[in-house]
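Both complexes below contain chain A, partnered by chain B and then by chain C.
Then we have the complex of A and B:
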């Protein structure tokens, strides 16, 4: 809750702490994209089949891939591309949710590395309830709500486990989160393996997928997204994520509950001294984090046409882990998470554009994401450098 | 020809972001003198010593050793120049023996093997020569704080240092140990060693120092001969205004019992024994009862037990007629307990919260400050502004200052404002003036006396003997978890108190 004091009105907006957070995030992003461009050049120079023109195409796609409209003859063309933009919003939705999950836990001083597990529990809950109620002929809105809420509740319960261990036994939540991640991966596999009704054996060629929810009609309404971005996968889930982000922001900064959570997060001892129930708050915070992460999964699969590969015991969903960089890049501010989530999904769209339009593959985008993540961990350091530069400037006067 | 001074620090300037910690400071140390460095918190004493010790590089100024300019880039350079330091918080390895700690980093070796015999001989010699009694084979964790300090001193001597820096060395000692230390310091000076003595205790300066350099807010105020000045002069130099050194208070008029504690026992987190052993006492309206004792004799655990931060295993606590033995922290606090905690950073404040948010740390949930779960920011602001005004809490940006950026004295004032303003019948104050300067101490003492006069019961825990003697109406001495004596400050003196505190004397307590 940063408010500018009228008395100290001398402080310029760009010197506030919040502005510096934004600048440092932007600097991380810029450096990451520049390194991406350098990579494109290096790869281009070492590969015979990529010409100078190809390198130039690659660089342009790294920065502007989201606006790419394909090729016009041999030239790349750019402009408003509703499919790309819509898909960006669609893919950002789960990232925003898991990013928020990590951010809210961070504010309470907890590192929620358990987002992938909570995400899987949300997936299983939403798909099972959605398919079961859809098949039973339940009204669509009711089935949608039940599926969404079941996912969230399962995620909350799953998040509560590390919370309970942390609160009562002081076991580091990172360890229990990693353990619960793999437990959930196996649990979900077992669940779908033993419940054949959910398995999709109809659609040709593909094995091991769960029936998509569109087959039973339990799908998130488009809420205008089909008008704005025709042809894309975007749906109302993005609006729901934004709404939840605003709700989280208000909860953290405006309510007594948020006050308690943040007090526990920044100084558990002082919170205890003040009579705040620190154990309760740690568990609640992890439950909220779990619910948010699971809601990300629910929104993703309630899009309808997304398919879930149920035999997941060997891998964890990347959306869960990507919540960490999304939160870091946003300095754990729920509103900023919307933008960092959008940015991350934009990069992956750029990656797919790169793959389909040039001889490069999409992994350049992954490397850029990795660099940005790496730098975002240094955002504190970059912030300090900004402070230092300011001081030097002041000294010369 | 060598210079008159062994160490000269000329026109030292050291800046940190947003603040000048040392602004043109000059300190000249003569050979064989005890030179005190006096200043409030944040006056720049520690920064200056860190510069001398090579931990910081100054922006301007020079350091001379025996008249020759030297550059001290790190603590190793300082050691090579014969500069040694006893830090306020000892830097010892708890599970090592005294001997191992002394030689650590300066081990005598032959072909890579430790030569402990030679080292031991040297340590023994030093110990005998200066009267620094230590048990060389004991582990640090098993010896007293006083002995630990002697180990730190031996460390400096073992490295043949002849410029010795003592950073607030008396904070952890009993009066008897302080006297001993003063004698040891005088002995060093006689031998030609030079001593820099950092402190804010005026009595000690008057007792041992030859000269005093005073700093105030990072600026050099002056260097004076101790014999030419009075305590009052020094405190005026240090604070920048005349200060009331003695606490002014009327006779106490104790009323009804507010807090009564019976057979109270709290387990220790450090060892298997109980930290507080079956103690009973009470505190009445309108009196200040002080728990005196050397640090680590169960005072902390007693207060943790009373406030609910730790669970007591046995005993009955009655506050304002209500049995609160089994209550939660919140219930205890609501039953009538204000608590000024020992560690203001750990318990007292959420440092990343703003001042106004800290002001409502226990009150945020009251109807005045919330409506339907939403905080009423305007009310919080108004309340914080009232408190800031009333208790003169100073900060950069008023209520929206992040408390981490405030000075220690003002952080403490903020806590005191919050706790006193909660207007509870019992105020527990644990070392409320620890690490604060004379000006802030004066203020806090007067506040506590004012609360007492309003009819509050005050339970004070203090390690500072001056504070115990001047502020309390009744003294309970704790030693190894027990109350070994109940004294009347008017009928006792510091020496008797010291004997109780060190366990040399104890009363058999009858029925109260």
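Then we have the complex of A and C:
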């Protein structure tokens, strides 16, 4: 509903559609966190070993876990915790990328449930090229770039498969994405299984892992993150993710190509009638989505100290699937994806704080995320309620 | 050969029943992406129910088959209740069905793991005593016959070392297929997935039919989830079903939303899944030669095969694909 302010002749900012999307997302978040708190109270009351103090600790950690600085004696202490905040940025990086991947595909009317597979392809490409070039003594910056680009290209090619199936054979992208996910899980395991040079056989207890990239020195520069958040894992990867998000936003909203993609998303047949090559756009959209997912994996593993468990043929990386809720919470807006990605990683840090400091386990945070996503499906409903409240107010005047 | 058939059935049956669950929802016009989540929930409820029964000594090993039957009903009911969450958001609130399904897929493992850790202090929860095979597997001794009794080659396949859940699922599969295609309510339900406006104009309550479709779907998926946990995961719940819910979704699309094709697709997929899992010890013609492992192909190729073959077959059969027309579109009475 468009309501114009008589004085300025413009729509008031809090009445715009975007603002309402943000409000409804915030309402979902608030309700989700309250449900988490209620859950903590209920479990605390039913379990004998959790005291009233324990319940209070749990509730505070749900809301303020990110600021927790551990226990001071028996009391929880809160304050600026550079390690937690830095780790939040670090863990948000792959989530932002996979979230953007899902969001871009959504805008073209495709449900990219194949992010885990693309993420794995990116992982394999980045680690292999990074390790090979690093061992060969290639300059670090060049090796970094090559590793990053290889990951992205592999991801793009992998994303192209569901795109081609959708465009030329009209096969539902959900099924091809699921199939390619598992195929890539097997391919990646096969690749690392048959290339022993990449396996970490030096360090005891690290068998089954790939050599971390810090061993060959191919790591993302910190870009000031070590000054801001000393002692955390945060690095320049977060800035790269933000830059890519801005680039995606500009591409989707300010270019002809972005417009064509969105036109295909709203109505493929109408777009075709208007002279847009729908097949090309579907494939390109999936390729961009694949490249973004894979870039998320590249940035995560180029941090250097992250370890990849290579025998992954029975499981898919959670970062891939978690891109779906990140995109949904952000209503598929690339800029909003940055914030929803940060929020998700904040909740997961709150979860680990809950686990390490109280008798609760980290899955409280997962339950909250799920409830928030569930409520975000009602965003239309909440928006209508906001509109209704506005109408009432207007009527009284 | 006996082994191969039985194993294939073990893999195929949960897929078939859950894919049929997908058909029930989608034929009524609701995309049920939450199949995976409902399976996880059903598996948890089933194992938890068995645990409670064992801890309170309500059932003994001798009544194992009755316990399986009862647990399947419990898992189905709880799956149905859980799917009400999806039905409420997708039908009553007209929310995006993909988002609702994704939310349930996230909610279910989180809730399940939350409780599993509270109950058993670790991330998996098994039975209180014994294992799936010793309690629930049907053997000659189940019928009071000596251990090495043989019914002959044909009956052995059907009756020796199998689970009751497999047959219950097959019976339910047939019954639900008949319900969907041969009854008045089934026809009405399907019409809501094709043209809900027309259905409504003929006096069919679209919302009711869609609720029916989703809840039926939840019941089948819950039952399938427990069957998976019982037969392939040794009756443990761990907050995951190895992507079976999504695979079932694939089998459903693969099977073109019709029960017979789904059964064929499920069995095909199950066969290759079974080969991947057992190729090392697979002795097809019984001459003591493990042919598949001696060819020297990487095991990962076998593990990839089910997915690769599905993709290839899809590429050739896609022309006949027919999606329920109104699938995924919330029904709005005002729209005509």
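Following the convention adopted for this analysis, the second predicted complex is superposed on the first by the 382 of 397 C-alpha atoms of A that agree within 3 Å, B and C clash if a C-alpha of one lies under 4 Å from a C-alpha of the other, contacts with A are read in each partner's own complex, and residues count from 1 in each chain.
Following the convention adopted for this analysis, contacts are C-beta pairs under 8 Å (C-beta built on N, C-alpha and C of every residue); 3 or more make two chains touch, one makes a residue touch a chain.
Worth saying up front: this structure is predicted, and the values here are computed from it rather than measured.
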| item | value |
| --- | --- |
| Clash-or-fit label for the pair chain B, chain C on chain A | fit |
| Chain B versus chain C as contact partner of A:171, first or second or both or neither | second |
| First, second, both or neither for A:256, with chain B first and chain C second | first |
| First (chain B), second (chain C), both or neither touched by A:69 | neither |
| Touched partner set for A:187, first chain B, second chain C, both or neither | second |
| Touched partner set for A:381, first chain B, second chain C, both or neither | second |
| Touching partner for A:275 - first (chain B), second (chain C), both, neither | first |
| From chain A, separation angle of chain B and chain C (C-alpha centres, steps of 10 degrees) | 70 |
| Touching partner for A:111 - first (chain B), second (chain C), both, neither | second |
| Which of chain B and chain C A:352 touches, first, second, both or neither | neither |
| Contact breadth on chain A, by residue count: chain C or chain B | C |
| Where chain B and chain C come nearest after superposition, their Cα distance in Å | 5 |
| Shared contact residues on chain A - chain B and chain C | none |
| Chain B - residues contacting chain A, complex | 17-18, 307, 309, 328-330, 333, 339, 341, 346-354, 357, 361-362, 364-365, 370, 373-375, 377, 396-398, 400 |
| Contact footprint of chain B on chain A as seen in their complex | 1, 3, 5, 7-8, 254-257, 259-260, 262-263, 266-267, 269-277, 387-388, 391 |
| Touching residues on chain A, where the partner in the complex is chain C | 43, 47, 111, 113, 165, 169-172, 174-176, 178-183, 186-187, 189-190, 193-194, 313-314, 316, 321, 324-325, 328, 361, 363-364, 366-367, 369-371, 373-374, 376-381 |
| Of chain C, residues touching chain A in the complex | 85, 89, 93-96, 98-100, 102-111, 113-114, 117-118, 242-243, 246-247, 249-250, 253-254, 298, 300-301, 303-304, 307-308, 310-311, 314-315, 318, 321, 323 |
